[in-house]
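In the two complexes that follow, chain A is the common piece, with chain B as its partner first and chain C second.
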Partner chain A sequence: MGDNFTAVISGRGILCGAGVGVEAVWQGLCRGRVDCAPVPERLFATGLKFPVFTCPREPFPAAADSWLVDGELRPGTGRTLALALAATVQALDDAGIEAGELRRARLGIAIGTTVGCTFHDEDYFVAWRDGREPDLDPVRNFLGNNVAQGLHRLLGTHGPAMVITNACASSTDAIGLAANWIATGVCDLAVAGGSDELSRVALNGFASLMLTSDAPCRPFDVDRQGLNLGEGAAVMVLESAERLKRRAKAAPGMVRGYGTAADAWHPTAPHPEGRGLVNAIKGAISAAGLDCVPALINGHGTGTRANDQAETHALAQLFDPAAAIYLVSTKGISGHTLGAAGGVEAILTLEALRRGETPGTVGCHTPDPDFLFSPLPEGEKVGLASRIGISQSLAFGGTNSALVLEAF
Partner chain B sequence: MAVTIDQALVLESGFAEPERLVRDLRRADDFIRLAVCAADRVLAATERARPRRIGIFAGTAYGPLETNFSSLATLIDDGEGRISPTLFSHSVYNVAAGYVARLLGIMGPILTVTTYSWPFLIALRQGRQAVEAGMIDQAVVLAVEVYSDLLVDAYCRLFGVSLAPLVPGAAAWLLGRDGDGPRLLSVEVDETPCLPALCLTREDETWQGHGLAAVGERHPLAHVEVLTRGVNDVFETGVEWRLAAGFGRVCIALG
Partner chain C sequence: MEKLKAELKEMIIRDLKLQGVEPADINDDDPLFEEGLGLDSLDAVELVVLIQKHFDVQIEDMDEGREAFA
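Then we have the complex of A and B:
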């Protein structure tokens, strides 16, 4: 990457429990709006009462049907794909790209997900296990809902497609890799980010690992009890500076660098000193060719004991805790959207950099005094000294990824 | 600098786990075990770079599908809040790459991609790009498939056959810089929309080019096996391999 890295962010689309669209989610963050509740019946039945963050019942608005090559969303479109589509058309609108132009371009699609690539039709599974022969539509839908292939099919576009399944770092990786596609000419335009619906298996899985909180999450707080799951999607449109100049379009910012590294430590827990995260951030900074420190770090900040400890430990190895570098987590208003989390957080990082200010971490009332790098707590709002920030993700499997973003 | 394919192997059925990995793999499912053993074998045959200079790039069409269902079964049978933590954590698609990193001491980038078309080749493209860009010195590129009884049953019912040609297995290629193997000049993969069933049958999949042999069955690992044999048989320069199917096309250039 470095000096030749020219992946400009020309459009952004987002929907999560905090709202639909960049402005709505940003306002939710500034107001500290926490809208979570036990899983609504419309998604799935569960006796678990852990609060979650949800998106609108129908994530893809009928008003956006003109984007679809078939004119409407076909039955059997999975919720993760519908969420991704909703974020994508928002981002394309924001970028000022029309459907015809999109279909003529060589479009790269890189989307991160976790739940979105699993077969989780419980009725089918139970019937099959009982020796019956259930209708095969759920299998056809499973095969038809690969998110990147599905977006190409629904939009009538062509070009590289990649679904990244790197657990909770998936969409940070999707954005970084797609930025690299742009920088190396693999495609003209890229749609990159992540999408994930809520699932009963994931909710139960995180509960069994004792990682979920039964109250709104409190990232970086001394009394943090765990995470809240959320559903959502967040997508960026990336293109080269030259292409953007030809279109005479302004852009909110760019991806300056991307780094990723393994902990090589544990299947579900981060390295206690953030070994892989340190290497990922170093890689991103090196790729960006930074000659200054970032003003803002949007941490993974899930609100689990282990994550927040590892993350702050890693940052203390890289940056002066006394410098004007503000660490926040935005999961207090969105929950942990798993494969979409990196995209949601990258978009909010860029918005903060663009506005030159950030609110503190919703849910963090008393920062954990054991942290070597202290977060900005809820209720505070600070100006940012530069327009460069970092958005970072940690994941099961020991993946750590970081993006360096710059606002124009 | 040239990106070279320094090792390429298919893990044959009935493979034996290296003794030193048996204890660490005691809770692992076949998806993890195949990936770890394939990666271990491909790395054993050459001098390794430093841990941070090696990356893992895994491609899979169906991931740890059987473990997904085992995980779901514990939820259904044992009740909410009682899903097995081990099964749940092993049902995440990047679990295999994470195990490879941990057990083989790899600390560079680890990426898992999931698609029904040519996941291995998409992983190969990304691994090649990472070596070429200087991010790493070596890339372990993996293909792993285990399927599940549910998928096999669905295949048979969808297509009216009594046996589904879904063969579990793994393959691993090791990419390096300026090594002795064939130079990997480019990997271009374009996917196009198709009927979902075509992703499963791959009935119109073809591969053409020097050293690529025909195989009888079509399944997600068939082309990986063919290409792996091809890599090990390439002694010429200027080789171009082309793959095509209803879901897209691929062009691989070797120097």
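Then we have the complex of A and C:
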């Protein structure tokens, strides 16, 4: 990405356990609203009682049906796709883009996910394993629920489509990729972010690694006991500054830079000193050509022992711990939404930068004294010295990705 | 010991939501996985967590759990 790497963020859509819409989620963050509970029966049956954060039963509101080329949601639309669609139409409304205009544009869609269109139908798996011949509906649903393709089909739009499945960095990568599409003219408009529903496979996977907390998570706290999973979706509309100028629309900010780097260390644990994260942030800052330091870092901050240690270690190598650079995690109000996390956090980062202030980390009462870079704890609220911030994600597989965002 | 076994069988049926299985259907030496009760790796994770909570024991990692079930 060269010096003229620019993608303006003209719209934002979000839903997670903290609420629906940027304003609601921001208010939830400021009030420290923590609304989590064991997985409700309506999602799936499980013997595990770890608290999780959930979205509305029907994530896509019927009031938004006019966006759909068929006038209504097709049967067999999976929950992850419905969540993505709900965030997308919110973002398009926010950007002031209408359906007709959208269908005429070259629209790029880049969505991160971990659950995506994988099989959820365990009955199907069990029957198949037992040598029976189960009905093929789960296979048809699988084929129809590719999140990026599904959005194009439901909205009646055309253009590049990419699903990024890179664990917890997926949607940070999707936003970085789509920003690059805009900067290089691959498309006129882009919808980028992530979406993930709760799934039993993910929940049990995290439980098997002993990474889930019995209580609401406490990112960066000395007594942190692990993460809470959450479901959600978050999407940005990206376009070029020229296009935005032509339609005389104000925008909240822009993607200034993106970087990604691997730890090459361990399948599920971060490098203890955050080796890959340091390189990812350096890459993002270099792409941004930053002339001032960031005022805010929205960390991955899952609340696991290893993540929070690695992340703060990395930041201390890059930034002066005494400078007015505030590190927060917003996962205390949303849980870890996996493939949606980077999108959720990029949107909250931008909102804080736009308002020029950030609340502290919900769930962090006593920052771990071992950290070389201290987080802003719950209950504090500070003004931000610049309009530039970083949103970063650390993923299984050792991927680290970072976005540099600027509010106008 | 008999009480403990009965409690364990009830817990497995109730919390892993096994359909159409009664405690009396489970023999003490039935394998938990595959040919026995037919549990899979997702159930195994839940079982480890359930046993920790229910019997107030600590299973340090899932490898230890795997040995205990073997």
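For this structure, a couple of remarks:
Here is the rule we go by: the second predicted complex is superposed on the first by the 406 of 408 C-alpha atoms of A that agree within 3 Å, B and C clash if a C-alpha of one lies under 4 Å from a C-alpha of the other, contacts with A are read in each partner's own complex, and residues count from 1 in each chain.
Here is the rule we use: a residue touches a chain if its C-beta (ideal position, glycine included) is under 8 Å from a C-beta of that chain, and two chains touch if they have at least 3 such contacts.
None of the values given here were measured: they were computed from a predicted structure.
In this superposed model built on chain A, chain B and chain C take up the same space, so to speak, and clash. By the document's definition of touching, of the two partners only chain B reaches A:Asn146; chain C does not. Once the two complexes are overlaid on the shared chain, A:Thr118 sits against chain B while remaining clear of chain C. When the shared chain is aligned, chain B and chain C each come close enough to touch A:Leu48. Contacts of A:Ala207 after superposition: both chain B and chain C are touched.
In the overlay built on the shared chain, the residue A:Gly301 is in contact with neither chain B nor chain C. Set side by side, chain B and chain C differ in how many residues of chain A they touch, and the one touching more is B. When the two structures are aligned on the shared chain, A:Met162 is found in touch with chain B, with no touch to chain C. Comparing which residues of chain A touch chain B with which touch chain C, the overlap comprises 46-48, 122, 200-201, 204-205, 207-209. By the touch criterion stated above, chain C contacts chain A in their complex at residues 15-17, 41-42, 45-50, 53, 61-62. Within the complex formed with chain B, the chain A residues making contact are 1, 46-48, 114, 117-120, 122, 125-126, 128-129, 133, 136, 139-144, 146, 148-149, 152-153, 158-167, 173, 177, 180, 184, 200-201, 204-205, 207-209, 260-268, 275-276, 279, 283, 395-399.
Residues of chain A touching chain C in their complex: 45-49, 122, 200-201, 204-205, 207-210. Of all residues in chain B, those touching chain A in their complex are 51-52, 56, 63, 65, 68-69, 71-73, 75-76, 80-85, 88-95, 97-99, 101-102, 105-117, 122, 126, 129, 133, 135, 150-151, 153-154, 157-158, 189-193, 196-197, 199-200, 247.
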